[in-house]
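Two complexes are shown next, each including subunit A; its partner changes from subunit B in the first to subunit C in the second.
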Partner chain A sequence: MLKYVVRRILLAIPLVLGISLLVFGLMHLAPGDPVRMLAGREAPQEVIDSIRREWGFDKPFLVQYFTWLSKVLRGDMGRSVISQLPVSYLIKSRLPYTLKLNFWATLLGLAIAFPLGVIAAAKRQTWVDYAASAFALVGMSMPGFWLALVLIIVFAVQLNWFPTSGTGTWAHYVLPTATLGFSWAAGLMRMVRTSLLEVLKEDYVRTARAKGLREKVVLVKHALRNALIPIVTVLGTWLAYMVVGTVVIETIFAWPGLGRLLTTALLQRDFFLVQAIILMISVAVVAANLLVDVLYAVIDPRVRLS
Partner chain B sequence: MKRLVVLLIALSLLLTGCGGGGAKTSDTFIYALDADIVNLLPVKLTNVVSTTVSTQIHEPLVKYEDTYDEFVPKLATEWSMDPSGLSWTFKLRTGVTWHDGEPFTSEDVKYTYETLLDPATKSVRRANYQIIKSIETPDEHTVVFHLSEPHGPFLDKMSQVPIMAKHHVSKVGLDDYNSKAIGTGPFMMVEWIPDDHVTLKANPNYWGGKPAIENVIFKPIPEASVRAMALQKGEVHFASGLTAEDFEKVLDKGNVQGIVVDSLAFAYFGHNNRNPLFADKRVRQALAYAIDGESIVNDVRKGAAIVSVGPISPTNAVWFNPNVKQYPYDPEKAKELLAQAGWQVGSDGFLTKDGKTFSFSVILAAGDEVMRNQAVLIQKWLKDVGVDLKLEFLDWSVMNDRLDNREYEAMMLSMTPSPDPDQFNYWHSTAIDNGFNDWCYSNVQVDRLLEQGRRETDPAARKAIYDEVQAILAEDVAAVFLYHPKVLGGLNKNFTGMTEGPAGQAPLLYKVKPVK
Partner chain C sequence: MQPLLEVQDLEVCFARRQVLRRVSFSIAPGETLGIVGESGSGKSVTALSIMGLLSRPGRVTGGRVLWHGEDLLQLPPDSHRQLRGKAMAMIFQEPMTCLNPVYTVEKQISEVLMLHRGMSKKEAAEAAADYLEQVGIAEPMARLRNYPHELSGGMRQRVMIAMALAGEPELLIADEPTTALDVTVQAQILDLLKQLQAKTGMAMILITHDLGLVAENAERGVVMYAGEVVEEGSVEELFTNPAHPYTQGLLRSLPRWGEQQDMLYTIPGTVPRRLEGIAGCAFAERCPLAEERCAEPQSMHRFSATQAARCWRTKDKVGDAEWQSR
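On to the complex of A and B.
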């Protein structure tokens, strides 16, 4: 088991390095000059040149990449080209907000998706199932920004229950959490339903029923556990979508998180900041996948053998 | 399962444990910004948001406050120029202290400007101040600026640099200054939580008297519609940059008072004057006649703009010249001028000359609905006179690159000039390579006038010079001037005193009062 985990970690290293090179390259290929964005259009050439030198933008691409990489490995992610604040500070100040929002949204998503998915599978092709599927369809096709604005108009402006945007109290969490949570619940619910239906066709489920077990026990104890495997896989890759998904939501709700930081950084071609955030996200995704693989083994003993 | 529940509860308590809510009493004024601050350091101010916050904390020597006609004394109480125009003497206000209690002296002024001029600071505004040759401080309350040549817009430039504390900045450094900002202004820095809020509190020792509001909280809310809703609900007390639709909705509720500010900005349709397509003045004039500025103001901007005849807004009454050639919407006249210039209507309805169709593309920033709507209208109007216009929507950073490299046939943007009419950086031919002359406009006569206007220090003589510049720009159609936008904002009715003018200046929050 330990050997398996260690091997997976070692394999992840070249993957992360590859991603970092790709990100670095893409930022360089993208049109838009960060120095110009920083200096403003009024800046004389001498200012532009001195900034370019200072940030090392005048060096060849690979030199720039390795300088950056060696600094990052030593824990120095550089400074934002635009605000000139340390990248680590900018990320550190945003990260808790994104984590908190995602924590609640995931919790909400799971709380809706699991019961709904299980009921839909158990009562297949009844009105309950149809209603749940309709919910999933609507939830998945509704764009996040649209849902966000509708929720603000209804619950913040008309009903005056929650604030429109910002942070501070628990009430500030409600609307952004609901927006994110619902979008995820929709996709996840379908996943749970399909996966469970698949398992319910298995022989051992028939056996369990034949033993005279109550349907509830069959469903929860025998079927659900085995239905979890594909769901856990999806949850792992979901981590990437979480940060990406918050990009729009955080901007609309004026939420001071990582997604909004990334948006601003991208629009301003804030090189080091974008690179650091993307690198962080990719490390998180790789780590999440690693965790999923390990979780497999825990959930399904068969995986351990292979 | 039970353990899991306990864990979840513990986690949730941990996660909601922090967060900084502000006291929402009547002495706290919440101001919605459209973006977070970048840098509050006076010598590094580059954007509107940072300036809005920074100028509550720091003050310049002099300032425009209610009109553009005169400068109001701030840290300087008196000033004079010697007859040669080569040196300016400022008497400083006495008894002023920094937020940490240290006295404000002439050394601070000298330090601020020397830091600005130091190439190591890499201030993008340095070039504007290079006329300053040296700074002298004969005593604690006198500063003398020596210039390399007489400079008409000198006071205007002085009004744009808030003074910073030498003892403080030399200690904390130029980086990471934001949350440590110290000034002489009416408000003091309390905290900055990036992307969430900036909190300031009243300076009890402000030389102008303690402000009526105790706290100011700036909240960056990037979405314009959310900003409007937050204002409507009373979550924020002031927001601006609203769309015309949101503005009407917000006013409907009755708890918000509209604040409409004329701006100095001018929006234009700018053809690249280097392009041979626009070499003939009759062609440029035809474009101006073909485009209906008034209809853009009424239909696209919903009345929130003033029709423009040149780069200086009528709001800037001191310098505005109304007696210039104007181009009311007249497609027939446009067609006539184009025919005179040798353009014939081809089989496809578009104009042709020497086998080439009159076709070009305009670049504009993507994502701006107002800009898009007006571009579509202009496209239609030009088609009416036989000109084929293509629209090219670009990301802002790409747009900047194209502008810098002068790679466009036409572009649509707006510019916000200073109140001073010195628009050397816009219209002088050297500004094509080293400035904002995005129109690539080059005219020997205008060059000469702009050089003269800068050196002239007599206001009456300057007025004559800039009147002529405006007349030439209009006659020449250096650009098709469309309108001067108005900025739509709203103030919660629990507060008064948010000044409506002058345009383009940072708000004076020390004048805001709660309604008791």
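On to the complex of A and C.
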């Protein structure tokens, strides 16, 4: 088990390096000279040249990359072109908000998707199943931003139960968490249902029933654990999807997280900030997938061997 | 003596398609009954109906399954469930897929012991090791910690048997228990079953397509064809004096030791796909001896204390006075 985890971590390292190279390269391909942004439109050529030298932009691409990488590894991600604040400081101040939002949304998503998916599979082709499937269809068809706006109109503007934006109290969490959690739950619920139905056809489920176990035990202990294997494998993809969703939702609810920091930075062509956030998100997705791989091994003993 | 289990006129449909009709047989405590038939003849469906494990779209549409005289089909599902694994246990054809891949052997056997015999986790672990030893698994303590994928097919079937024994059942239904195994392992498993049966006194229904297995292991046999019982009798009767043309055909298609045969005998034709529209004998269209009256429904014609067949010719053979229909 430990060997498996260590190997997974070792395998993730080249992946992260590859991503960092890609992010760095893409930023250089993107239009707009960061040095001119940094120096300002009216700056004389000498100033531009000196900044270019100072930031290392005059060096060959690979040299620039490794200089940047070694700085990043030491926690120095440069400064924001706009606010002149260190990028690491900006990220540190925003990250907790994104994490908190995602944590509650994930929790809500799981809390809806699993019970609903299990019940739908157990009561297949009854009104319970149809209702759950209808919920999933509606949930998956609604774009997150649209759901967010509807929730704002109904619960914030008309009923005045929750604030439209900002942070502070628990009430601020309700609408963004609900938006993210629901759209996530819909897809996940369908997966739980499908995967469980597939497993319920298996011979070992019949064995479990032949033992005289209660249907609840058969479902949760014998079937669901096996159904988790395909669910967990795609969970990694879902996490990436959630990151994208977060960017949109944070913007709508003026949530001071990484997503909104990214959209602002993109609009302002805040070169180093964009670079750092994209890198962070990419690494987060890799880390999440790593976690999924480990979970995978925890659930399925056959994975630990290979 | 009251039979342990008595199946009376059992009918099963899958959606609207009938797959089992008027299936009747009984089994006494401690007895071994073989059920023989081709795939699709309804052997497994019969077993699953007894266990209450028929899954949708299959459902029992008629008949009775009497367990110590009590109709299991009338029991509330939860009462039937409580009998499963305890009063009656079942092992299946595919040992490779019948064990849950994510739980250890210990957990899967202990589960039965804790559920039906009220053991604590620790007691159950010890008892589980004991059962593994009984089914001939070496180093039971080490095997308890194994996952199914770490065991061979034969080992897994032994674990399945240990699991079935753990509830101390009065009846063990073995549905093609050796079909998926190597020939050498097959013999070992059957010997083991016989030996365990002698020790525990449980009755056994051995479901197989292999007449040889019935001859070697069972006392009585039931021959099924297209969802019906066509003949039943003691093993000796079935093999020396088969009454139904289908049983006769099955016996003729067995290869014989020491006999020069260029071609094995085969029964011409295939099993009918649909029973609807066949009022009489389902075997008639393949039967070399079929007559006009075979299209009419008939019941089992009994001509000895143990032997009966669903064929008009049987009735003629024994004469009107001797046969009783049921």
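Throughout what follows, the second predicted complex is superposed on the first by the 276 of 306 C-alpha atoms of A that agree within 3 Å, B and C clash if a C-alpha of one lies under 4 Å from a C-alpha of the other, contacts with A are read in each partner's own complex, and residues count from 1 in each chain.
Note that in this section a contact is a pair of C-beta atoms (placed from the backbone, for glycine too) under 8 Å apart; a residue touches a chain by one contact, two chains touch by 3 or more.
Since we're looking at a predicted model, the values are computed, not measured.
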Partner touching more residues of subunit A, whether subunit B or subunit C: B
Subunit B versus subunit C as contact partner of A:225, first or second or both or neither: second
First, second, both or neither for A:64, with subunit B first and subunit C second: neither
Which of subunit B and subunit C A:300 touches, first, second, both or neither: second
Which superposed partner A:47 touches (first subunit B, second subunit C, both, neither): first
Which of subunit B and subunit C A:82 touches, first, second, both or neither: first
First (subunit B), second (subunit C), both or neither touched by A:133: neither
Partner chain(s) touched by A:233 [first = subunit B, second = subunit C, both, neither]: neither
Subunit B versus subunit C as contact partner of A:214, first or second or both or neither: second
First (subunit B), second (subunit C), both or neither touched by A:251: first
Residue ranges of subunit A in contact with subunit C within the complex: 202-204, 206-215, 222, 225-226, 299-302
Residue ranges of subunit C touching subunit A (in the complex, touch as defined): 51, 53, 55, 81-86, 89-90, 92, 94, 97-103, 111-112, 115-116, 147, 149, 160, 163, 167
Subunit A - residues contacting subunit B, complex: 30-33, 36-37, 39-47, 50-51, 54, 79, 82-86, 90, 93-94, 96-97, 99-100, 103-104, 107, 149, 152-153, 156-157, 160, 163-170, 172-173, 251-257, 260-261, 264, 267-269
Residues of subunit B defined as touching subunit A within the complex: 8, 11-12, 15-16, 18-22, 35-36, 38-39, 46, 119, 122-128, 175-176, 178, 193-197, 219-223, 225-226, 229-230, 232-233, 235, 395-398, 400-401, 403-404, 425, 434-436
